[in-house]
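Letters A, B, C and D mark the chains as written, and numbering starts fresh at 1 in each.
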Amino acid sequence: MKSFELASREYKSEDTIIEISSSRKKLCIGESYCTVIAGPCAVEGWDDYLALARILAESGAHILRGGVFKPRTSPYSFKGLGIEGIEIIARAREITGLPVITEIMDIRDLDLLYNRVDILQVGSRNMQNFSLLEELGKVDRPVMLKRGLSATIEEWLLAAEYILRGGNQQVILCERGIRTFEPYTRNTVDIGAVALLKQLTHLPVMVDPSHATGRWKMVAPVARAAIAAGADGIMVEVHQNPDRALSDGKQSLTPDNYYKLMGQIVKLAEMDGKKM
Amino acid sequence: MKSFELASREYKSEDTIIEISSSRKKLCIGESYCTVIAGPCAVEGWDDYLALARILAESGAHILRGGVFKPRTSPYSFKGLGIEGIEIIARAREITGLPVITEIMDIRDLDLLYNRVDILQVGSRNMQNFSLLEELGKVDRPVMLKRGLSATIEEWLLAAEYILRGGNQQVILCERGIRTFEPYTRNTVDIGAVALLKQLTHLPVMVDPSHATGRWKMVAPVARAAIAAGADGIMVEVHQNPDRALSDGKQSLTPDNYYKLMGQIVKLAEMDGKKM
Amino acid sequence: MKSFELASREYKSEDTIIEISSSRKKLCIGESYCTVIAGPCAVEGWDDYLALARILAESGAHILRGGVFKPRTSPYSFKGLGIEGIEIIARAREITGLPVITEIMDIRDLDLLYNRVDILQVGSRNMQNFSLLEELGKVDRPVMLKRGLSATIEEWLLAAEYILRGGNQQVILCERGIRTFEPYTRNTVDIGAVALLKQLTHLPVMVDPSHATGRWKMVAPVARAAIAAGADGIMVEVHQNPDRALSDGKQSLTPDNYYKLMGQIVKLAEMDGKKM
Amino acid sequence: MKSFELASREYKSEDTIIEISSSRKKLCIGESYCTVIAGPCAVEGWDDYLALARILAESGAHILRGGVFKPRTSPYSFKGLGIEGIEIIARAREITGLPVITEIMDIRDLDLLYNRVDILQVGSRNMQNFSLLEELGKVDRPVMLKRGLSATIEEWLLAAEYILRGGNQQVILCERGIRTFEPYTRNTVDIGAVALLKQLTHLPVMVDPSHATGRWKMVAPVARAAIAAGADGIMVEVHQNPDRALSDGKQSLTPDNYYKLMGQIVKLAEMDGKKM
């Protein structure tokens, strides 16, 4: 098997920088930038999401997250607001001037998302949905590719290669924990993968400590570890009332805990000479 | 999370039997039937495939397999013959009178496959491609759902539930090995999953010892183990010249070794009171 | 790293046969013999153990098992009867004429066990307790080496090599399930390992479906699968009152279910040309 | 199963501090202290070890490491210098005034080690060697308990409980990577385990990024991540000539790379208000 090529440092030695133009300012991901993506796991309604978006914008988040098409293990779980959810995040983007990211599960949703969303996320379960990856390779939008639940680092980079090969060079990798035998935590964050990827590839590497741990008390220490290991940023879940969240409340930070974490991330980024 | 329901023994205690009408005879999968699916990993050309199909038909295979859209870890690997491949398996079906199975990776290929293929296979990488599963739930064709690389048994049954819930009751589960730390074999066959599934669900359960082990010398013993553990059948790779196969040659049986295995499977099925 | 040598088929092509002389008859393990080891997880008292031993002897078990030094994950769990337990199994051996097997956790117990026990078992947790293995290499007693919880096949054979290299050629390998992410079952039986080991090594390979699955309903199908895959025998837990067992009751067969299983094993062994 | 108790925060809310008196100064591990243990994987000879010990002492290492009894997967690998090795580390301890740590594999070596070594290490393979743990529970020496290759966090704490229960309260936990499916790295560092353990237990938690990753280029980023996640220190391998090391050279830092890492660790510890 021929391995990844376009994703490799051998092919391109300097770090890829992904630029995102929002109404507020130009944003960069990768190289000397440290980026924070924040928001709830799922968009649950107009008022809550817009209120939270304002809080996050004021507290220094660079990008807003919010799932509207949710891939759920059970067909009986809440699957997101769909089209209405997209309208909500599009409105939050307008109000705050921040770029937004959401997951695309089906290429048939591309038209709907293309003009309303700044970064398209491919979730763990679709990391090897090669039809989807090939289509995203033709799109002029950054793609955040989450690591598959048990994907090796090479498989992950080869999945990125599918997108790069189609012509889309704007790929961000996001470590979100791998599946192991440990029952205490939802998944096991592979911090070594972050260190290794920074050597193997020029693509930006982020970490999602919320999905990875499934426990909000672990989010801050793991987020700090990610930055200390060289990650280009973090993606965290924040919710005004984690106890009432429709999905993944247990792993969401309150806005207060989010502020504290931001202070720590800023210090770590500075120590490493990174801009926020 | 509400768990699987339509797939459970509580919902339906008697075994589901999936009937497939081919030009040759009516074929049943599940309950008291032991089914053998055989063929090469990928369809590689007209002559070889049709010759092999004839051999397999004569030697008692019930269903012909052959990949035409191949999900490959690397974008640089052989991805199957696509449309021409479908024409080849459709011709093999005509000649031998046997039903055929092939993988569907993209719902946009459904029209192409619907009238030419008897069973649609969902591969490991797409086990949680919920968009695809939901669409297949609306289709009047049996679906063979392979287990995801690191899917739990519950996740697998919930994926089946997505299809069942859409109205399509013809779902076959196929154990194809899970990912573990073992480097000797490609994957680790979870024989206990077969035993457990026969208790938890009414759906037929098959085993693919070829993909699961990645070594042809292990195919026969693991296939025998599958039947002894209660599986409703096996799916094996056969190739006239395994050394020259474009994909997965190392795990393919020669026709001779396939004959020997069939003899053993017949005996084990008889011992268990199953029809072949 | 130099790999296993004395354990390999290259070093010794013919199957190793382990002979055990008990007062009843000479017993062989390996090659063309199919061996059944049965008994409770732990020896819990005189009357129950002796009564069960008689039942098992009459129903065709070849070897009696019974733990007296139990390695327990928690220091607060029942750890076995120790010295009194050894007296009990020694008495059962006398009464039934069957050989007995028990686990050795500490080499300082060797004197105590040497004359009272026919096979010394090394448990999963001690598979890489190299001090213990080296000492057992000097002992004139068969050793059953269980696979470590996450040991690769090569590591397991290298652990056997420690014993063989000391001069003790009587090593039996026992697959007892590996640790994976699956929560439904206690461990995942690696049936492919059985098939592979029969190719790689001349040592006998057995399977313990009770510990491996942790569910008595799965014991029979997995035991059958083991024999069908070529294992030289099985080791199963039997208990008169599984619900009252001090350890591992959930995975124990009742004597009745044990009889049924024996009937199936006899048939499978016959089909494979093996003696019981 | 009753779970860990003496190891829990519920039993003892304040952090355990382990004090070690060496000829140089009193050393503390845990609570507000950040500790660095450094040295080669194995002691290979007098001159090299003593020279390296001097370098490490000058550069701020708190404790010297050096294996003399090496548990090796293969019986054919270098197993350490044994008794002579102990004399070498005892001499290094005398010369530098630093405490030393080495692994104990067999309780029969205790007399030899007791007066020459300050911390006794229990390796991954012996994490559930309960006989050894029980004996170490009676000893008046700190024990560093490495996590088993596939041990859950609860199993690890229960192993610590075996020692605590015997009366020895001086237990240090050391995360050294778990086994997963990833072939790129030797093991997968479980950084979340560090974060979680700091919440669950009062015992000090260290990280060994050398064994965990198996690649020296990953050692510094993973070491930084460990401290950022709240670990009480790190244990790293340093070797003057990694290419000529008798074991684990690929994962060893040169003294120069070790200096750089120390500078980063000092800054991170300061940021976190820890003393070095």
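The working rule: a residue touches a chain if its C-beta (ideal position, glycine included) is under 8 Å from a C-beta of that chain, and two chains touch if they have at least 3 such contacts.
Computed from a predicted model, the values in this text were never measured in an experiment.
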**Message:** Let me spell it out: compute each chain's centre from its C-alpha atoms, then which one is farthest from chain C's centre?
**Reply:** A
**Asked** In terms of C-beta pairs in contact, which of A-C and C-D ranks higher?
**Response** C-D
**Fill in**
CA centroids of chain C and chain D: separation to the nearest Å works out as 35
**Prompt:** In whole angstrom, what separates the CA-based centres of chain A and chain C?
**Reply:** 49
**Request:** Give me the residues of chain C that touch two or more other chains.
**Result:** 150, 179-181, 183
**Request:** Please give the residue numbers of chain B that touch chain C in the complex, ascending.
**Result:** 150, 152-154, 177-178, 180-185, 188-196, 198-199, 212-213, 215, 217-218, 221-222, 224-230, 267-268, 271
**Prompt:** If you look only at chain D, which of its residues touch chain B in the complex?
**Reply:** 179-181, 183
**Request:** Under the touch definition given earlier, write down the residues of chain D that touch chain C in their complex.
**Result:** 1-5, 71-77, 105-106, 108, 125-126, 128-131, 149-150, 155, 158, 161-162, 165, 179
